[in-house]
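The same subunit A turns up in both complexes below, where it pairs with subunit B and then with subunit C.
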Partner chain A sequence: MGRYLARRLLLLVPTLLGVSVIVFLFIRLIPGDPATAILRESATAAQVAELNAKLGFDRPLPVQYLEYMGRIVRGDLGESFHTRLTVVDQLKQKLPATMELALSAMIIATVAGVLLGILAAMRRGSILDYGTMTLALVGVSMPIFWLGLMLIYAFAVNLHWLPPSTRGEPPELVRTGLYTLDYLAALDANGFLDTLRHLALPGFVLATVPLAVIARQTRSAMLEVLGQDFVRTARSKGLRQQTVIARHVLKNAMLPVITVVGLQTGALLSGAVLTETVFSWPGMGTYVLEAILARDYTVVQSVVLVFAFIFVMVNLIVDLSYAWLDPRIKYA
Partner chain B sequence: MSIRSGALTIPPGPLVRPQTSLWRDAVGRLARHRGAQVGLFVVGGLLLLALFAEGLGVADPNTTFLTETLRPPLAGGHLMGTDDLGRDVFTRVMHGARTSLRVGVVAVGIAVASGSLIGFTAGYFGRWWDSFAMRVMDIVLSFPTILLAIAIVALRGPGIFNTMLAIGVVAIPAYARITRASALTLRGQEFVTAARSVGAPEVRILLRHVVPNSLSPLIVQATLGIATAILNAAALGFLGLGAQPPDVEWGAMLVDSVRYLFQGSWWALMFPGFAIMLTVIGFNLIGDGLRDALDVRIKD
Partner chain C sequence: MPELLEVRDLHTQFFTRDGIVRAVDGVSFTLAAGETLGIVGESGCGKSVTALSLMRLIPQPPGKITQGEILFDGRDVLKMDDDEVRGIRGNAIAMIFQDPMTSLNPVLTISRQVSEALELHLKMDRNESRKRTIELLELVGIPSAKSRLDDYPHQFSGGMRQRVMIAMALSCNPKLILADEPTTALDVTIQAQILDLLKNLAREFRTAFILITHDLGVVAGMTQRIHVMYGGHIVEKADTNELFANPKHPYTWGLLRSIPRLDQTRREKLRPIEGLPPDLIAPPPGCRFAPRCQYKRDICDEKPPELVAVPNAKADHESRCWGTQTGGWLTTTDWRTDTTVFTKVEA
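Entry: the complex of A and B
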């Protein structure tokens, strides 16, 4: 396990270096030069040259790359051309917002997906089974931004049950940046409930795809285990249905489900960009999208790098968790 | 002529089932697959709407009826109502089908062509090229798909072609991995060794023996890939980075109508989204049917 971990961490190095090279080249591949792109077409040649010199774009590429890596290693992700705010400061606010949204979505998706999958497998061929699997197909096939808008129309515009957008009022004392936890720590029930009301729609929308995939995977894993000899043995010695399911089937069916939960966590980041846009959620997704539309390339560069880093890390954690959960898996 | 042996009656005619090819067998199984039937029906219907869009709706999807803006469905002969500029939503949905199907197919075409070139050569020839190519694929996979697609479009400018390109590029690793895995398995098989021992050149072995035997998983993945590509294209359109007017695109139609949602006009938003969902369901169903018919297992 130790050696496996070491090898996996070592393999991260070339991947992350590759990612950094791509992200670094991205800004330099923009047609024309970045300074013109930033200043727009009205800028004079002298202004463009000055900005290029200021940003270091007049130096050779390898030199630029090393300087860029040097800054990143020191934790300096640059600052916005427009707002002059540093990316690191912005991320301190945006990252918890995205994390809170993604975690809520993952909790909804895992709990509901596993439950629906188990029920569908135990009642195989029933209306419940067909219904769940049809919903799962619809879930993976729906554009989530459309679902989001439709839910806003139904629950916010028409019924006025839930707020249409944003995270709600921030707590007076922001400790973790996750409003739910901060309100809990402050023992503020109203604030906590208001945060949950704001989380409900975007959380559910972001959860749809993983929920559908998890439900499908749970169902098929359950069906596979239910057909095994040891399940028949357990039944034949007279164990009750609940005991068979809980002790013998679920334990063995959960590993592929955990795989999918992990893979979907990575995929959530893509969904977060869209969900945040629909709900004006002040997270990483809206941040990077605004930066792209404003041609704020340092921000784009740094946020994309952070996204990729999180993504790679999540995948690593998923892989490691198998070894921990299933002693039969041996990593060399 | 019938042979009697005990109580068992053997019907006349040849005892051996007439030979059918692998592909004909698969087509037969697909035609009997309930899900695939629904999928083919949906996609076929959309294809017809896309082909005959001019005849079925208003001649030009960009025609504006300024006296008939934001009409609800069925009002004034507009089946799905009109949008904020008085454009006929039904006509635009049909033209959007054209765009989406084209983007989906071309994007997957780009991904399959580049991905399988990378995957087959990496898996079959191996060595440094394999390690290098797979490392690059890992790097591409390190970016969330939508974000990478957005970045590519931001770099090259919005439009249909760049949408296809961006969505095609982000899908390459999936095809590279599948074809590499097939090539790795097949290159150790006896018939490949046999071909090599009679002196067949490596490229010929790859093209005549390895590629044809790896088609099943590739076909399944490509069909499911069209569904994903259409969803991603709609997402880019929704973010304002996809097709630009006068091209009609479902995602862009959606975002144009968001402002009017709060005034209660849901139809200009409802129908394009519904069309996206239906198309994606159709391709997913065909893909699942193909998976069963061709008996392949792909990890999601």
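Entry: the complex of A and C
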């Protein structure tokens, strides 16, 4: 187990190296450059060239890349040439915002998705089954920025039930950066509820796709396990249906579901960019979007590296959870 | 002896897109407490469905018990509510399934799976059930049972897993054990061990059991009586000794002929029963075995025979065959010396 973990962590290095090269090149493939983004269209070619030279973007790409990576290995994620704010400082603010949103979405998606999937599988062929699976199909197909706008229109603009945007007031004392936890720690019920109200719409919007995918995966995994011989054995012992499901079916059915939860957590990172933009959520999504628009190369590179790191870690956790769920899987 | 189990005119059907499959089509039999019965037949003859019906474990839909009575200890299982049926399952009636590789849950420990029924039916707490589980595993011959409690099924061999299944079935001292092809998935060398174990334990605890198999050789030394099933019907009932000495149905003859014999010369080929089992959606109108029977006459295709006592046999020997019934043309035929068997039947 320890050796396996060490090997997997070691594999992080080539993965992140690959990601860094790809991002470094791709961001430079987008038309436009940092100087044009700062000076706007009206600037002359000479002015643009001069500013690019000043920022160091006229040097050969390998030189730029090596210089960037040299700073990364020293733990310096660089700074925005635009705002002069360091990426590390910005991440301290923005990462918790995105984490809070993504965690809420994942909790909604996993709990609701697994429950709906179980219900659909147990009532196979019923209206509940068809209804859930139709909704799931709509869920995966719906563009989430559109869904976000519609929900803002319905619940914030028309009904005034929920706030349309932002995270709400920050707590007085920011410890974790997750407002829900900070308010809980301060025993501030009003602040906590207000944070939840702000989380509700973007959390639900971000949850739709993973919820749908998890529901479908849970349903098919459940159906497969329900047809296994050991389920019949369990029934032949006189166990109640609920016990059979909870004790014998769920643990077996959760393996493929966990895989999907992990993959969807990765997909959530891209969903967060759209959702945060629609809801003016001050997180990684809006941060990286602004950086892309400003051709803020360093920021984009570093943020994508952080995303990649998170993605790899989530996958590692998923792989480790297999061994916990299925005694036949051993890592050595 | 009062009957422990009395099955009357059991019909179990599966409602499929292609039509209604009459898997069990009017099966009746009785079993006394402590008695052992073999149900023999080829795949798809309804023997497993009969066993599952007794515990109401037929998946529904598509399956349904459409008719009949299953009197267990005098009460009709088919009229019980779900709670009552669950109270019997794993408690008074236990089942051992065919494939020990797939019949145990791969992600739960052995002790968890064996102790489940103990906690449910005998209301034992975790400690008691663990102790009892060790005793049960020792009883079925699992070496160093105590240290293997928290192992998972994949850490056991096939034979050991089937021993675990037997321990599970015995856990609540059932009055009846249904063993559905308990040795089919096992190596031949292990088969005999498992069968011996089953027989000895059943005798020790005076448990009645029904052994379901496609292999006449398996039931030979195992059960007191044998019922042969074909196409959803019981086609022959007899004492085990009587059945082997004096079989009275052409299908049984076919089964006996298809057993390879060690004293047979090498030139003799195995003699399979030609043709395929009947389509249970639209079974033949007469005798269900008629299309494959080399002795058949016109009446066999026209009218279904009843299961009745046969002449020249013991009193409780019954067969569902026009030919071997009183007045039939096969009453004195001895399958061993019969030469017509070498002629091939048109399928």
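Heads up, the rule we're going with is that the second predicted complex is superposed on the first by the 285 of 332 C-alpha atoms of A that agree within 3 Å, B and C clash if a C-alpha of one lies under 4 Å from a C-alpha of the other, contacts with A are read in each partner's own complex, and residues count from 1 in each chain.
Criterion: a residue touches a chain if its C-beta (ideal position, glycine included) is under 8 Å from a C-beta of that chain, and two chains touch if they have at least 3 such contacts.
Quick caveat, the model's predicted, so the values are computed rather than measured.
**Student:** Which term applies to subunit B and subunit C once both are placed on subunit A by superposition, clash or fit?
**Tutor:** fit
**Student:** Considering only the touch criterion stated at the top, classify A:H248 as touching first (subunit B), second (subunit C), both, or neither.
**Tutor:** After superposition on chain A, A:H248 lies in contact with subunit C alone.
**Student:** Between subunit B (first) and subunit C (second), which does A:G238 come into contact with in this model arrangement: first, second, both, or neither?
**Tutor:** So A:G238 only meets subunit C here.
**Student:** State whether A:A308 touches subunit B only (first), subunit C only (second), both chains, or neither.
**Tutor:** After superposition on chain A, A:A308 lies in contact with subunit B alone.
**Student:** Taking CA centres after the superposition, what's the angle at subunit A between the directions to subunit B and subunit C, given in steps of 10 degrees?
**Tutor:** For this superposed arrangement the angle is about 70 degrees.
**Student:** Kindly classify A:V140 by the partners it touches after superposition: subunit B alone (first), subunit C alone (second), both, or neither?
**Tutor:** first
**Student:** Could you look at A:R84 and tell me whether it touches subunit B, subunit C, both or neither (first, second, both, neither)?
**Tutor:** Neither partner.
**Student:** State whether A:G18 touches subunit B only (first), subunit C only (second), both chains, or neither.
**Tutor:** The first partner, subunit B, only.
**Student:** Looking at the superposed set of three chains, what is the minimum CA distance between subunit B and subunit C in Å?
**Tutor:** 7
**Student:** Both subunit B and subunit C touch subunit A; at which residues?
**Tutor:** Common interface on subunit A, subunit B vs subunit C: nothing in common.
**Student:** Given the complex with subunit A, which residues does subunit C contribute to the contact?
**Tutor:** Contacts found on subunit C: 55, 57, 86-91, 94-95, 97, 99, 102-108, 116-117, 120-121, 152, 154, 165, 168.
**Student:** Show me the residue ranges of subunit A that touch subunit B in the complex, using the header's touch definition.
**Tutor:** Within the complex, subunit A contacts subunit B at residues 14-16, 18-19, 22, 26, 29-30, 137-138, 140-143, 145-147, 149-150, 152-153, 157, 213, 217, 260, 263, 266-267, 269-271, 273-274, 277, 288-289, 292-293, 300, 304, 307-308, 311-312.
**Student:** Using the touch rule from the top, collect the residues of subunit B that touch subunit A in their complex.
**Tutor:** Answer in residue numbers: 135-136, 138-139, 142-147, 150-151, 154-155, 227, 231, 234-235, 238-240, 251, 254, 258, 261-262, 264, 266, 269-270, 272-273, 276-277, 280-281, 284-285, 300.
**Student:** Using the touch definition up top, name the residues of subunit A that touch subunit C in the complex.
**Tutor:** Going through subunit A, the ones touching subunit C are 228-230, 232-240, 247-248, 251-252, 325-328.
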